[in-house]
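Multiple structures are listed underneath, in structure tokens.
Shared chain: subunit A. Partners: subunit B in the first complex, subunit C in the second.
Entry: the complex of A and B
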């Protein structure tokens, strides 16, 4: 057994009795099988095809504590967080500090009828079992999703009854204030037929020490349900963020997913959605920005399992310094998924000679009557555009910032939810000027 | 205003300008004509500071300063404006944003307060009327999806907003139909001013029917081979550029007053 696995095993033994829902055989089995999945695979190495460009060696060496913060640990104030929050005026918010739900920073009163947002720590055993529905598939997605299943203790459980809607977007904010910890957090979404939810998940690092957010999201959309989802990573300079998301979509449902990996030493996201019935559609878009020695990796997979579904995938990358990124976009069209319409593109802007991106579209099409397109580009700032802006009196830094911003912000127009779009626009413009 | 002395410049290893001498005084309009490949655009690019052109010898003095020592953006702020032959499209950057940023960069350089959004819009809308442009163009991305005529009008709009001391119009007439040409020429003419000089770089005499130059220079093989008044343009129109070959070895010609 590797040292890293031995470390997490001792954490598992140390904390096992403190994890929620101890009495439930279902959860005991869940944690056991999650652990077994992780322990049998261990930390993937670059010899593993899915991790070819992604080295976990540095993370593996860290002996991180898996215990959530003590309830009495000091917390930032909402006023201090507000300036960084993507939805500072959010009517509803669930805030977690160092892996623990913060009732005083959260605001979940007065949710619309049929909408429930609950922290995992507040769930009784009986209420908790529903979580297993959206999370069922994701826990075996990666070794880290397995590790998450073993340790999961906190996160957000969002449910919508049939036809219910949450149009004021919900902010789910995970703040990390200190190093040395590994947080295994969960977001689970179960939207019943015809319901609608808009949400922004934001991960915010307020420390320059090393820590690890091991995050999992499960999404289940019943017939005609719609989820507008923004995930925003603004992790600390020495942070590791590993996320896995798995969605399953019934007929006519729509999943709009926008990921923004804006900072953090290391980021990896494995995202997958399955379009299971006719009329389901997905938008899976994202932006990664890396500078200095940062690294971001998106592995996405869209499964067209049924006829007449559509998918749009659009990822962009801005790479500076010695930053590196990986985009691997897999589209699978099953044999009977006729009339599939699928578009994928990945465009990258390299701002330095040391920056590097590995981009790989991966199409596996077994149906014959489909429209699928894909394309990837890697380029640099356009000299003619820079010259034009400078010839009008703009200094070179301003001209560069404008062009980078234009490249990145182009992605925002695809966010269908107006408030989420405006919030991201506001946040990104500030970010690009830093 | 502008004194160019014995200017030699290369693009890559290839010498393009081989000893240009030109003096442009305040308020004058000079037309530089010449066949393709004569170095007209290279001269425009040298003045604006394009990096793919290397000045190998000679000097350019602009308002008493060494123009070649200034960065591209410093030249712009000091009042040099190039209307591009092919204005680039910049998706994602709003036309109005660029106009305002450009004007304020210049004002800041001159120690003037920056204009706020209201003041700026009032100014720019006024100038748009002159160019017969629809206000909606303000809110589009810079030149994105503009027709050839719209791009050229947008260049002159920028010039009208920035009010340069020295404007270089590089093939501004190319790709314009007669109606667009009239609008552009009208815009340029309205900007003529005793304190403003203009250099019109053009292949054809057509533009000069609408913008009357004070001086016309003929550029061939990287040198000014003839200079004269507006009548020179008409002569060229009749004779074409074929006769130039006979004169390129002729005497050094300096011009202006």
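Entry: the complex of A and C
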């Protein structure tokens, strides 16, 4: 057993009794199998195809505590967080500080009928079991999803009854204020038939010390349900963020996922959705931005399991300094998924000779009556465009910023939810300066 | 009535045109592979010491290697001890100096295959280095080529007469430890072709070789080495057919191309080995390592392939763009029908400045065929202003076939421009309807659309190959529409 595994093993033994729902045999089994999954796979190495360009060596060396922050730890105030929040005016918000739910900072009163947003720590054993439905598939997605299943203690549980709708977007904010911690957080969404939810998950690092956010999201959309989802990573300069998301979509449902990895030393996201019944559609978009020595990695998979489903995937990357990024987008079209329409593209802007991008758009198609396409490009700022802007009197820096902004902001137009789009637009404009 | 019915029957059951077998007495080693086998092959070919050492080093490396499992192809494990590693036609021992001395049985075989040997060779303007099983039998046009200083001969001959060239270049593009099959080939390769184009020479004719797998259970381990010296040009054609048989046959060839400053190599392949029957029984396993090295500035290597045969194809003709301003090209049409599987693609490794590469890959999958494009475009840190354009399209015929795309793109230089496009679709109903209402039969309509789909690749083929390739696609697709 490697020292890293041994460390997490001792954490698992130390914290076992402190984790929620200990007296439930279902949860005991859940944690045990999650642990077994992680322990059997261990930290993947670059010899593993899915981790070919992604080295975890540095993370493996960190001995991080898996215990949630002490409740008496000093808390930031909402006024101080507001300036950084993507939805500063959010009517509903769930705020977590160092892996622990903060009732003072959160605002969950007056949710529309049929909509429930609850922190995991507030769930009774009986209420908690519903979580296993959307999380069932994701816990074996990666070794870290297994580790998360073993340790999960906090997060948000969002449910919508049939035809209910949450149009004012919900903000779920995870703030990290100190290093040395491994947070295993969970977001679970179960949207009943015809319901509608808009949400922004934001991960904000306020420390330059090393920490690790090991996050998992499970999404289940019943017939005709719609989820608009924004995930925003603004982690600290020495932070590790590993995320896994798994969605399952019933007939006519729509999942709009927009990921923005804007900062953090290391980021890795494994995202997968399965289109299980006719008429389901997914938009899976994202932007990764790396500078200095940062690293971001997106592995996505869209499974067309049923006829007449559509998927659109659009990822962009802006790479500067000695930053590195990896994109691996897989589209699988099952044998009977006729009339599938699928588009995927990945565009990368390289701004520095030290930067590196490795991209692999992948198609696996077993049905014949399909229209699938993918494209990938790697390029740099266009000299002619720079010249044009400079000839109009812009200084080089400004011209450059404008072009980078144009490249990145182009993604935002695909965010269907107007308020989320406006919020992201506001945030990105302040951030385009690389 | 019954007569015409049986004629029809005969035509339908005619599965593979080139499935005949010539019975020539062969000088064959016993099955199995050991250091002894390698030594015997080397001794039989009267090879110099360095080559034996090289083979042995490869063999020792091979022992520690495992067959690759990452390709999306499925086949039962291969028993490498159940293969005959050397088999030469007996009549070769006397060393025929001219066509008259060649075993008439062999000549008949070539005749059936329509190889332009003999006078036809002169008419067709093609020099042929025909490989029958493992040893070259006859080489024509040698004198004409020799006038210009071009060396075009069998590999064994090159070993005897130009050992210094062989020693300098052999394994310099595909090192022995490169991969499992390349290591195996390096240990036991029997023969192949050798080409050397001296500086400043433009090869006056297309060089061509026909491979043919004969003698049961003989895996063929070809080794081809082409060196284009400064400012030279050569176009090389490779075409294959194989007799029909039930047992799977292994073919693990290695092709190495070296282009020095300003040199250009064009390598075209039409591969039509026995693909197995409709149920997927039999057929050739084609595990080939092909790689070109643009060693000099302004050099160019261009691969064009039409892959319609073989039960399993595992093949990635690649170019290392080492020289500044060098150019790499890959044009491919791959067709899988019935139970055929193909995992093919290319690697473009950009190392020099201002290097360019183009990849056009067209995959057609029918019946239960499985096909994957697997490519790598790597822009190294020092490769300033590298440019790549990749397009890979797949066409699906039938609802039980599959097409996969695995393009790897690795960019470490900010001045690089890399573009990749891929699409997968089936033949449009509207296109078919248009052709049908103009009076074309279903099969002709499909054939026409498929040929249109492949046009960009076919136009890169030398004329006579292009015609052949179009016919081949039509024949290979028979029975896949309906």
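Please note the rule applied: the second predicted complex is superposed on the first by the 432 of 434 C-alpha atoms of A that agree within 3 Å, B and C clash if a C-alpha of one lies under 4 Å from a C-alpha of the other, contacts with A are read in each partner's own complex, and residues count from 1 in each chain.
Basically, contacts are C-beta pairs under 8 Å (C-beta built on N, C-alpha and C of every residue); 3 or more make two chains touch, one makes a residue touch a chain.
Source: prediction; values computed, not measured.
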Subunit C versus subunit B on the shared subunit A, clash or fit after superposition: fit
Partner chain in contact with A:132 - subunit B first, subunit C second, else both or neither: neither
Touched partner set for A:65, first subunit B, second subunit C, both or neither: neither
Contacts of A:121 with subunit B and subunit C, given as first, second, both or neither: neither
Contacts of A:387 with subunit B and subunit C, given as first, second, both or neither: first
Partner chain(s) touched by A:409 [first = subunit B, second = subunit C, both, neither]: first
First, second, both or neither for A:395, with subunit B first and subunit C second: first
Lowest C-alpha to C-alpha distance for subunit C against subunit B (Å): 15
Touching residues (chain side subunit A, partner subunit C) in the complex: 49, 53, 335, 338, 348, 350-353, 355-380
Subunit B to subunit A touching residues, read off their complex: 48-51, 71-73, 75-77, 81-82, 84, 87-88, 90-93, 97-98, 101-102, 105-106, 109, 141-142, 158, 162
Residue ranges of subunit A in contact with subunit B within the complex: 382-385, 387-396, 398, 402-403, 405-407, 409-410
Subunit A-touching residues of subunit C, taken from the complex the two chains share: 70, 379, 381, 394, 396-426
